[in-house]
Amino acid sequence: MAQSDNPIARPRYTGIPTFMRAPFAEDWSEVDIAMIGVPYDGGVTNRPGARHGPREVRNSSSLMRLINQATGVCPYDLARVADIGDCVIERPFQLEGAHGEIDRYYETVVEAGLVPLSVGGDHSISLPILRQIGKDGPVGMIHIDAHADTGDDYFGSRFHHGAPFRRAAEEGVLDPKRTIQIGIRGGINDRDQWSFSHESGMRVIYMHEIPAMGLDAVIAEALKVAGDGPTYLSFDIDACDPAYAPGTGTPEFGGFTAAEALQLLRGLSGVDFIGGDMVEVSPPFDPSGNTALLGATILFEQLCLLAEAFANRTV
Amino acid sequence: MAQSDNPIARPRYTGIPTFMRAPFAEDWSEVDIAMIGVPYDGGVTNRPGARHGPREVRNSSSLMRLINQATGVCPYDLARVADIGDCVIERPFQLEGAHGEIDRYYETVVEAGLVPLSVGGDHSISLPILRQIGKDGPVGMIHIDAHADTGDDYFGSRFHHGAPFRRAAEEGVLDPKRTIQIGIRGGINDRDQWSFSHESGMRVIYMHEIPAMGLDAVIAEALKVAGDGPTYLSFDIDACDPAYAPGTGTPEFGGFTAAEALQLLRGLSGVDFIGGDMVEVSPPFDPSGNTALLGATILFEQLCLLAEAFANRTV
Amino acid sequence: MAQSDNPIARPRYTGIPTFMRAPFAEDWSEVDIAMIGVPYDGGVTNRPGARHGPREVRNSSSLMRLINQATGVCPYDLARVADIGDCVIERPFQLEGAHGEIDRYYETVVEAGLVPLSVGGDHSISLPILRQIGKDGPVGMIHIDAHADTGDDYFGSRFHHGAPFRRAAEEGVLDPKRTIQIGIRGGINDRDQWSFSHESGMRVIYMHEIPAMGLDAVIAEALKVAGDGPTYLSFDIDACDPAYAPGTGTPEFGGFTAAEALQLLRGLSGVDFIGGDMVEVSPPFDPSGNTALLGATILFEQLCLLAEAFANRTV
Amino acid sequence: MAQSDNPIARPRYTGIPTFMRAPFAEDWSEVDIAMIGVPYDGGVTNRPGARHGPREVRNSSSLMRLINQATGVCPYDLARVADIGDCVIERPFQLEGAHGEIDRYYETVVEAGLVPLSVGGDHSISLPILRQIGKDGPVGMIHIDAHADTGDDYFGSRFHHGAPFRRAAEEGVLDPKRTIQIGIRGGINDRDQWSFSHESGMRVIYMHEIPAMGLDAVIAEALKVAGDGPTYLSFDIDACDPAYAPGTGTPEFGGFTAAEALQLLRGLSGVDFIGGDMVEVSPPFDPSGNTALLGATILFEQLCLLAEAFANRTV
Amino acid sequence: MAQSDNPIARPRYTGIPTFMRAPFAEDWSEVDIAMIGVPYDGGVTNRPGARHGPREVRNSSSLMRLINQATGVCPYDLARVADIGDCVIERPFQLEGAHGEIDRYYETVVEAGLVPLSVGGDHSISLPILRQIGKDGPVGMIHIDAHADTGDDYFGSRFHHGAPFRRAAEEGVLDPKRTIQIGIRGGINDRDQWSFSHESGMRVIYMHEIPAMGLDAVIAEALKVAGDGPTYLSFDIDACDPAYAPGTGTPEFGGFTAAEALQLLRGLSGVDFIGGDMVEVSPPFDPSGNTALLGATILFEQLCLLAEAFANRTV
Amino acid sequence: MAQSDNPIARPRYTGIPTFMRAPFAEDWSEVDIAMIGVPYDGGVTNRPGARHGPREVRNSSSLMRLINQATGVCPYDLARVADIGDCVIERPFQLEGAHGEIDRYYETVVEAGLVPLSVGGDHSISLPILRQIGKDGPVGMIHIDAHADTGDDYFGSRFHHGAPFRRAAEEGVLDPKRTIQIGIRGGINDRDQWSFSHESGMRVIYMHEIPAMGLDAVIAEALKVAGDGPTYLSFDIDACDPAYAPGTGTPEFGGFTAAEALQLLRGLSGVDFIGGDMVEVSPPFDPSGNTALLGATILFEQLCLLAEAFANRTV
């Protein structure tokens, strides 16, 4: 790139797209927060396509800018942010093997001291990521999603995109007492579908409870549950209504508007986030491109939160 | 289907699609609530395509599950539910003749004691359905729609998708005093366009009144108008905003969000519903498939309400 | 058109589309309010396509009707309304030259005493329009948009779709003290991006402030800022959320719903509007056609406001 | 339109779209060849939407230019060409009534001495048009289509888009001996489906015969069958393969490429065409817009043929 | 379905869609040729979505009719044809396990004496199907595809959609000497990519050879290679050009037109086909629906060939 | 990218997309053939969007592989190939200024000794590229396109996407005697539209001449015109029919199939190509993504030709 030096000052449709037009870093020593694509959708139970998510989110994220106008946060002032490329799954035909590849990749990420902000891929990828994030002790989690994803075996497998957080708690890398799940909705096939969430002590806020609670109360509850400890931030794009995010594997009507999702995330400032992910964008089901663009917008809010937390830890 | 016995336990993209993956029943003697497609759009005044609605709603409804997580209702525990196929209009080129075919089909449905839950097709189909539902006396109606559909002759015809409820009241099968119309909006060409609604005693809640009223007051009003008598539940998908339901014949911006529509329907528990329909999904105008999926989601809520009412009647 | 005389009484998919199916007028002497297309998008900084906006808005506007059901206003009873065709830019390759062509066209429009209601095209067209509207003295403005559009030079040009209102104020055709900007959001690349708005005295209401304020307070503030003087009404379709308006050049999630936008506009009755525009509909990014239809719906509300103001002035 | 005088010299995305950007003529006395929209699809047996055809073909036809580069013909030099608007069907709910409206409209067209070039709408419209074109004696026809459209009653009606040419021959307005049907293909439900064509003496060239015959032989055969007499030119867009024309009611794979269709039409120069139509473009099934654009391209070739024939008759 | 008895006589958009609107058969004793969906795409190496293929092909196949107009064959006169539903893979997360499920399903199909005509799903499904078809001795194959699918291990797996025919030959269920592969094209990563085809004795006709050969020579070669023995007919939709079939996992430009594909298949009459498949239709990449419709059209030609062969064997 | 070393061995949907997954090179000293994006569409006269072309072609080009199966050429064995990023136009609002930016960028490219293979952007970019390529003497050109692009001033500008080759010849950087233009078609507004081509001595082969000539004769003619001298290869995607390439600014039906385009390009082996471009892919008009994928496929053929020529020159 012989011309100007700041990609973010160039027209947005130009250049090879990295997340947020951040620098692509092969040398991780100059990176604090690493944006990572995980193009894997072998864990879906319904509509596939999230393997194409990282590319389209990268493409759409060129519309993001430097500063969060609503909060005043500029993540690039608070941390060294880079796109470090994809965690490429080279043996995608076998679910547990694929998870093993993710395990090993994130082991190096965590060992390098990077704060990972991952873009899926389906939600099953959160399990191997948490295994590394929580390897020194279980972490808390603020989980925004249409589904609690604490289901049990499905289609003959203990691992799939509907179960990562059950497995993470069972494996001791996620602290259910410091976990809150927000936006749960849609039909269920079993009255006990999310019993693990309830029995393990996770706080579950169903979508149908929110009109009466109000978003401020939801935020307050999330802050209380997460507390001061290290916390992971997992955002499944299907938390948002299909009018906003049609391109996803398991859409459920009655979800958050984009404005509500942004308001909710902005309310989480102050939590000690040590990693996050934004998952389940499935471009083949997204004819307008809106889902990828909303994913990029959510990702920018997550980046601001992670950068603030990083800065707080390094003061 | 030689393999497993419960279609709802299989991956959702598999099998020949029936509504909700319910059993297809040729023998009506084992059925309490019958889901029926009415693939007819000869009554539209603008964009056609609702004839393709039943197929796409069937397809999308595979994403529905057994239990309503927000209300706890499992319709399959309360009634025997089946897809009994389509009311096929075999002479679609003549509007009144087509309505006659629907008349005759629903006559057999009502005589068989089935509770019909119909999927349009355009809204003109509600008239022949109500002729049978209300044959022993006028029924009440909760009608959720962008248009009151109590217009007069249009394009030289007394019958079209903007007039079914005027005709139904005139024919004595609908009780206007026990009818409420919710969500009416959009421009009008005549200040008296819905005068029939007002003069006959229907309760009309315009969309622009709802922000000030609040949804709870709307629900309360609906419960009051419907009272204890037998009530029909008609949901035109254009009640929802085009952001949620672009695939419809006469879209009007400023409508319900999906979340509001679900909240409204869930508030109607306890009404003695004796039938219902969900109409005006037009797949050719629905590139993302969202409209058909929202239609399926609404249909599941309607199924829950009908099953509760059925169970209440049979206690 | 040998058949019936009122295009609005015919099926909506018929005929050569004019805005709102209003008469096409070559003779301006019988016109009070002129709807005008400005098919120019040479001022965009990101995604093009708004040059195709007027055609698709004309096409979609056939779904509009005569009377505003929410307010009771029939614009055609209050003023003589016509589509006078496009302001055709014949030398589109040079931005300032194109603006000069718009200048000269609107000079004749204003000299003819027409109230212009323009359909873009990109937002840079508002500058040459305001030059004519405000030629006898600066006008006030109610500006609904995701972006304040008071930026400075960009990509080497003083003129582009992010700067028209800075230039208009600098040129003395816009009164910043009587200007309010509503719905501003999205990221920024410079903390001072909208400093011109603040320093010149414009009232800026950011989108993230609105949930706490409420729409009624926003309306009250707009009425107060506009006061009794002549006021321009500029609506950028990207004020609405991309779920409602994906087809635009610079989409920003977290915007107005259609219902909110309609409620906001209806609250502005009584302002002395002397012109308006609806801009930035980009059909190539609008697979469902929703953006053009929403644009037409907004345009009808604007027409009602302009007709009321016209009637008030001519009493 | 105060600016330049020739719409065809302006950017193609500008202005209110007429067919080919030809003048819109309310005064028919200055017109030789009249392009007419017939927005009616009440005769379709499968997918509707052709009612929206005239608008989209008008829109796309702005890409057409003045001179046929392959043949050198400039139709505007040979005849006075205008868009005279739509034949609006005001009572669309009754097929035979709608046909009666078309009858009466074309009666005035033919009486005014105009050569009509019509844009459908579904193929059932050709019958009432031929009734007027052939009122003084049966005309010949070159008919390019996937279907012979000489079927019998269907769905209880003698009239529908699969039967117009049987009825036209029966009514004595079409001369089957001077009729050739080219491109017939697709499955059939009855071995005698097109027996009327064969028995009445029409020449039928099936699509599967053409690779062996070659297009030149097809053209020669068409010229021979049409001979010197007055001939109608009917082009159903489904003659072209769905890869070229997906947006149609009854697509059949294995059709003409666009290049073949153009070559075929260009070979028909010299026939005494006295009218023509291009039908069955259904925009709701045309996400890329290609079908409307191909329709406009075909229409331009038809216009050239009609203009040549007109000029030959008036020498 | 209380109304008329022949689904194929009803409007095509009606009813619950089975392949070709053939009867759905739970009782296999009355079936000769069984159409079967195999909704599995766990073997793809690039774009997923073929799991949704069977549903959309069923839906589109309603446009097919009873008789092949080009050949005169009516398959329903030659054999008892039914849709027997899907081979549902209930443990889709593990490739070899999924193949085992297909193995077991087709074992019952073959034991029941059915001629299977399968709809994928990705091409990896052909291996387990051939294991059953060829269990009593290797079969020949006419294979029409952009890829020879005789690759070796990929992404760590011996089994995937690029290798089924290597494995089938290695396992002794496919006779490479009686196998012809037609239409191979696209780039390769290894000069020896299809060396197995060449070394095992398969006849490979590359796409770029066909313009010079002509289709008749290709057909003659296929007939010669297949000879008189039992032969399988595998059609990968990506054999057709992406202009005709965009909705597939590995599109390669430069493929067959639909007309060429139909001509090629019709030339294969007389081969002793004992089964076939049509695979790799991926609806999420098919915005116009053309790929599913082309798949249904190909499937009908295959059904005709299988029915002819069945009738020949049973004379 | 810590994992495997060859991006081309990874799943195709992974990683940050460069053209062909070739290495991104900031250091030009190790590069022979440079693939370059030129995201500029300020020269279009109709539909914009080609500014988004380079990104989508990069994305789609991940489906390309190492070796050309039809010709056996592996470009990476013949030359060092890299993606060197975009020629970013930083002042896009002024056409001649933008061309000046391209001039200066390509000056450095040519001075560095790179063979440029550019991806547009609109066709106006070929002029500044040729200014550098031909700076030491006029080059020949094989130009494949629907339009000769040797027009004169348009919309008040000497420079636009319909005129680059007239200007290039006038400026002495293109040798018209060694220039051939292939595939010209569509309507014209002026009988002399391409007179510059004819009068300057360019060889023009119109599309409608090709069926009679045959492709082999076209290839022979191209080889004869180009001769032994240095030759530029310009491919406008609109040379292909809109069924193959709907996503372009000025589509013209009746174009090349993809198979024909590939055959034509493969026939050009042996020409001394010293640069090339592939232009006018406009993603907003490309709902299926086919146009970008075809563009990538064409680009790979061009890369093979340039690599062969490079290798021949360096032997």
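Note that the chains take the letters A, B, C, D, E and F in the order they are written out, and that residue 1 is the start of every chain.
In this text, a contact is a pair of C-beta atoms (placed from the backbone, for glycine too) under 8 Å apart; a residue touches a chain by one contact, two chains touch by 3 or more.
Protein names from UniProt, one per chain: A, B, C, D, E, F = Guanidinopropionase.
What you are looking at is a predicted structure, and each value in this text was computed from that prediction instead of being measured.
In contact with chain A and with chain B at once: which chains are those? Just list them.
A chain counts here if it touches both chain A and chain B, which gives C, E.
Going by the average position of its CA atoms, which chain sits the greatest distance from chain C?
For chain C, the chain whose C-alpha mean is farthest off is E.
If you average the CA coordinates per chain, which chain's centre is most distant from that of chain A?
Result for the farthest chain: D.
Suppose each chain is reduced to the average of its Cα coordinates; what separation in Å results between chain D and chain F?
38
Centroid from C-alpha atoms only, then distance chain B to chain E, rounded to Å. What do you get?
Computed from C-alpha means, the inter-chain centre distance equals 40 Å.
Could you pull out the residues of chain D that touch at least 2 other chains?
Residues 11, 13, 47, 51-52, 90, 92, 155, 241, 243, 257, 285, 287-288 of chain D touch two or more partner chains.
Which of the chains are touching one another, listed as pairs?
Pairs satisfying the touch definition: A-B, A-C, A-E, A-F, B-C, B-D, B-E, C-D, C-F, D-E, D-F, E-F.
Under the stated contact criterion, what part of chain C meets chain F in this complex?
For this pair, the touching residues of chain C are 41-43, 47-49, 51-52, 90-95, 97, 155-157, 159-160, 284-285, 287.
Show which residues of chain D lie in contact with chain C when the two form their complex.
Against chain C, chain D makes touches at 1-4, 10-11, 13-18, 24, 26, 37, 39, 51-52, 54-55, 58-59, 83, 85-90, 92, 105, 108, 287.
Residue numbers of chain B touching chain C in their complex, please.
Touch residues, chain B against chain C: 45-47, 155, 184-191, 206-208, 211, 241-243, 246-247, 250-255, 257, 285-288.
Give the list of chain C residues in touch with chain B in this complex.
On the chain C side, the touching residues are 8-9, 11-13, 63-70, 72, 215, 241, 243-244, 257-259, 262-263, 266, 287-290, 293-294, 297, 300.
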